[in-house]
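There are structures below to look over.
Next come two complexes built around chain A: one with chain B, the other with chain C.
Now for the complex of A and B:
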């Protein structure tokens, strides 16, 4: 039988309190928790439409979750995924008119590359601030988020606005620059393949390369890393670039695969969910898509809950917060057994 | 720019500075004791929501303030429980607070206020000091703020005094600099840290309350808009000195008030470039001050008894 020490018991009680809080909130909205749970699981995972929608949403969550996992592994807290995603999408959209006339087989990869580059630049700014000036990356990346939101707001009302000039949004991407839809009747695009390839690439980087080793060592013990000839500042800068690159790729994949154009709030809330995704995957690249799919389903289900019941949508963030706390509690469990 | 305009700018700068000031003062005490809370944003959101909800319910902004303070303290304690008691990663625990705060405030707002188009929120009255408030320049600048603003300034001085001149301050600093030494002279490290974490949460709650019931009048989802993180930047830039925090918060407040007032003067410049000014300022401040010897040595490091 598993014997738990006092800390673990207290931790489990804290989790139980969080679960009670969730039930209390649902009761407060005057709904039965069972019905809400049934809708969450039923609509999020068990219907064909829900499943397809969850897959669609898991694409950006996988890409950004990979980026967050990479940076967290190195002990670098990239909270600015949203900004990197926006700047990636914006830079790619700025390049779109040049790429449009090219054959699709050439233009589409270049478009994705431009998005990746944009995200890397935005992440790299935080990277320079951290590596060169020692600025805390959490605050730096968040500030860059707000700056990116305003920059996109300006771009879609200014230089990148559709020629009609009525709505604050960009022109639609040319067909040659759209990621193809995988299955007719769904919105699932080839972005799914991009995300899968990214998983393999990041897994290889983490598990099989010297760089991945350097990341993990730096994250576990920066002093030991320095002793081993690894420069934590270089790691911090490079991992913020990489993490931003994945976020930027997610941004242009969202635009090219799903929305077709740049508009306001097209990817709101992905960044904060990406953190929960990466943590739930325990920062392991191969678990990221699984966690991303789980959270995507949670979002689809929460949409349905907000539509069908009196329970407001932001409950999903309370659930996410609870999951992050659960992750922390699980972390101390094995330690409790060691003692 | 004429004098009237400048006075107005500085006066609203003071108003804009207050949410940052309260949150940053609380964070200063937490960090001084070794507890890093990156979740101020979430706590401020909850504080802002509770303040509005309970101001409406009780008919008085003070009822709202009380609720926000208690709600903030509860979230601070939750963070303390994970960061201090369970000794898990303080940054991740803070991130959880952001999610919880975003969820709880948004949930509560939609539940309580959905469908109501306009709700009159009983806000804080400006202090009227009679002839003093009517003084030109000095009146609007110094003698016409909400009572809460004076409380904030008083707290900055008081906390500075506590930290640097009292035994309690020495205890807090010892716990944040060298918990082992503090432990060896009989200080209960975790208890001090828990209390500082709760205090920090309560102050962030007050900061949120100020935002929704004194600076603005009402709650909008995600209304804190990064101020929780700017507050942390204030702490770093002020080198963990409460008086410095007051000065830095005022700089940010004036920058924020200034960007709004500058917009009409430069219609040819897109307004978005003004909105980003406080955020850019925070980046510059961070870059200019990060490598500081004032950083509490045991910040974000849990203490385990040997």
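Now for the complex of A and C:
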């Protein structure tokens, strides 16, 4: 018989609770839940176009979900994924003119590196505020989100704006700086490979490395970490840098692999979804891509539902909210029963 | 004939493959004080948990005042007049005593502090207890916090009070005061179940002694007809026949293996000069403390809990900086870099007094906990963790220290406190430390394990370790220490060689008399 550990049971129960609520809401919107479900699953996961689209959307969710999982493991709540993602993309775009003339095999990794660095810097600012001055990282990262949004908004109307100067957006990336498309006729880029590699790297970090052990210990008992010689402040700073780095990488992968240029709101809301992804994956790096793919499929399917039925698109936001909420509730409930 | 307050019949509880309690039957009459004795892991805590609604029994019945009850939650137990004082207190530090008692019982609206304070005084006076209702709980010492827990339990109507290891953290005077409270409650007709390791408690205040061994009740007899040897034998071997008493390694009459004369030419490992330490709340814990510990010497730090022992050990372990004066350990100086990492690398081992806060991570496995203290040594690898080696070390520790567990992958939080402590000890002594800071290393352990721990410390000393032994137990100090320094009321007495002093002198110092 398959025996599940407590965390897995919680994850499954969260999904089940979510599905039930969803069916109820669809019925409220005056549609047949079965028909909506068929469209959701059919268009989200079962058609070639839907599947490709779901994979496209799952790339940034995987990268940011990994970052959130890392920081949450250390008990550090990085809510600033959106800002880190934007700054990563912006820094990489600022470097693009210098990298353009280089051969693609060299320029593309450097571009991704620039994005990673940008995200790490933005996460690191929150990290310094926390480690040095004891600032609450939740507040710090949320506030840094607003600063990042305004900064990018200014950049694409100023220094980074396309030469035509009409639309608030950057110039298109040179072809040598674009991530290649993996399958003809889809928008699926090599960003998928980047995300897969990141999964393996983060898994190794968490499960095999000393640093991963320090993260887990700090997250579970900061006093014991101090007793063992680990400095929680150093862990908080470094994990915010790492988490930001993954978000920044997600940002430039979105630009280089999908949009080709920086524009406003190109990755809105990813930060919140990333939290839902990380929680659903129980903060385990190998489950993050699975959870990310699930959410991506929901998004694609919800697009189709909005087109074909009376159920509006924000339904998918309800799903996200329900998952996070169901998790929080179910994390507490079994503790009362587990005796 | 009176109706028993509590009657347990054939109570059983299993956790997985382990039988914690096997068909236990026990009766408590009104106004009776019953001691529940047993080694670590004998099942005492499980019995308490079942009586207090924390755990549901797998089989058997619980009768209260003659009626069968099902205690599904702690609330059920409270509502039926069962009060508990747990070993680990659940108090809010910045509440006053009166507010603490109102917690969870006061209705909505404004708290009437005058009424509350009067209530507290009334309950306290009933059992002859001194208590300021306006005192902040966080400002009380351990004994004071325990009194708050007792008041909390008594502020409801209780017919049964369960005391879980009540004397474990108390000084002898505070324990005596606790026993006065117990006697007052007994006179009031309250039945008391006292879970304990200490035989002294049994003979001081209990009417009956019930001994558990490996989940079974092996004897239940009036204290008047019990002997110390008989109870020890029952606890250790589950046998009530004194003739079969095995050799007891943990008795205080075991003499040190060699005369307690420190080698005066051995290198000084720990040096403390004019040390001043403040508590977290800013009050002064230690002032003007000075001593050296040489290699191959055990220095006992005696004193009633809360006289700065925790602060001193945490300072020497690198967790805090001195607030005045200086400390030096193995060439590390407190005015230079002074961190746990640095000191651990220099060979300092630290057995913390607050195990659950500092010593273990409950959710993680035994082997993961094993790595905690050796994180910055190359023992388990520099970049990649050598988990296999950690598991091997853990397996060896499980054998060597007789840790009751399903294996190195079990979460340490599932183990009983004594078994957790054994793992902490095994971990700290793993790498052959040069300095051992041992804060109450045998607190909460059973007699057999205490003996083993004391043997280990002696062996470490003979191998050349400098040991600071924090203890409130004079027997332990007599059994182990070469020299002793006493902390009392912010001042330090000694150090003095054990040969040049006696227990009366140390006792007087602990009470603050020069």
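Before moving on, here are some points about what is shown:
Heads up, the rule we're going with is that the second predicted complex is superposed on the first by the 302 of 339 C-alpha atoms of A that agree within 3 Å, B and C clash if a C-alpha of one lies under 4 Å from a C-alpha of the other, contacts with A are read in each partner's own complex, and residues count from 1 in each chain.
Everything that follows uses one rule, which is that a contact is a pair of C-beta atoms (placed from the backbone, for glycine too) under 8 Å apart; a residue touches a chain by one contact, two chains touch by 3 or more.
Just so we're clear, the structure is a prediction, and the values are computed from it rather than from any experiment.
Once the two complexes are laid over each other on the shared chain, residue contacts for A:210 go to chain C alone; chain B is not touched. Set against each other, chain B and chain C differ in how many residues of chain A they touch, and the higher count belongs to B. Look at A:201: by the touch rule set out above, it reaches neither chain B nor chain C.
By the touch criterion defined above, A:230 lies against chain C but remains apart from chain B after alignment on the C-alpha atoms of chain A. In the superposed pair of complexes, A:16 makes contact with neither chain B nor chain C. After overlaying the two complexes on the shared chain, residue contacts for A:193 are found with neither chain B nor chain C.
Once the two complexes are overlaid on the shared chain, A:136 sits against chain B while remaining clear of chain C.
Of the two partner chains, chain C is the only one touched by A:221; chain B is not.
Across the complex, chain A is touched by residues 38, 81-82, 85-89, 91-93, 95-100, 102-107, 109-111, 114, 221, 225-226, 229-230, 232-233, 236, 270, 272-273, 275-276, 279-280, 282-283, 286-288, 290-291 of chain B.
Contact residues of chain C toward chain A in the complex are 49, 54-56, 317-319, 339-341, 344, 350, 352, 357-364, 368, 371-373, 375-376, 380-385.
Remark: chain A residues 208-210, 212-214, 216-217, 220-221, 223-224, 226-231, 339 touch chain C in the complex. Contact residues of chain A toward chain B in the complex are 7, 10-11, 14, 25, 28-29, 77, 79, 129, 132-136, 138-140, 142-147, 150-151, 153-154, 157-158, 272, 275-276, 279, 310, 312-322, 324-325, 327-329, 331-332.
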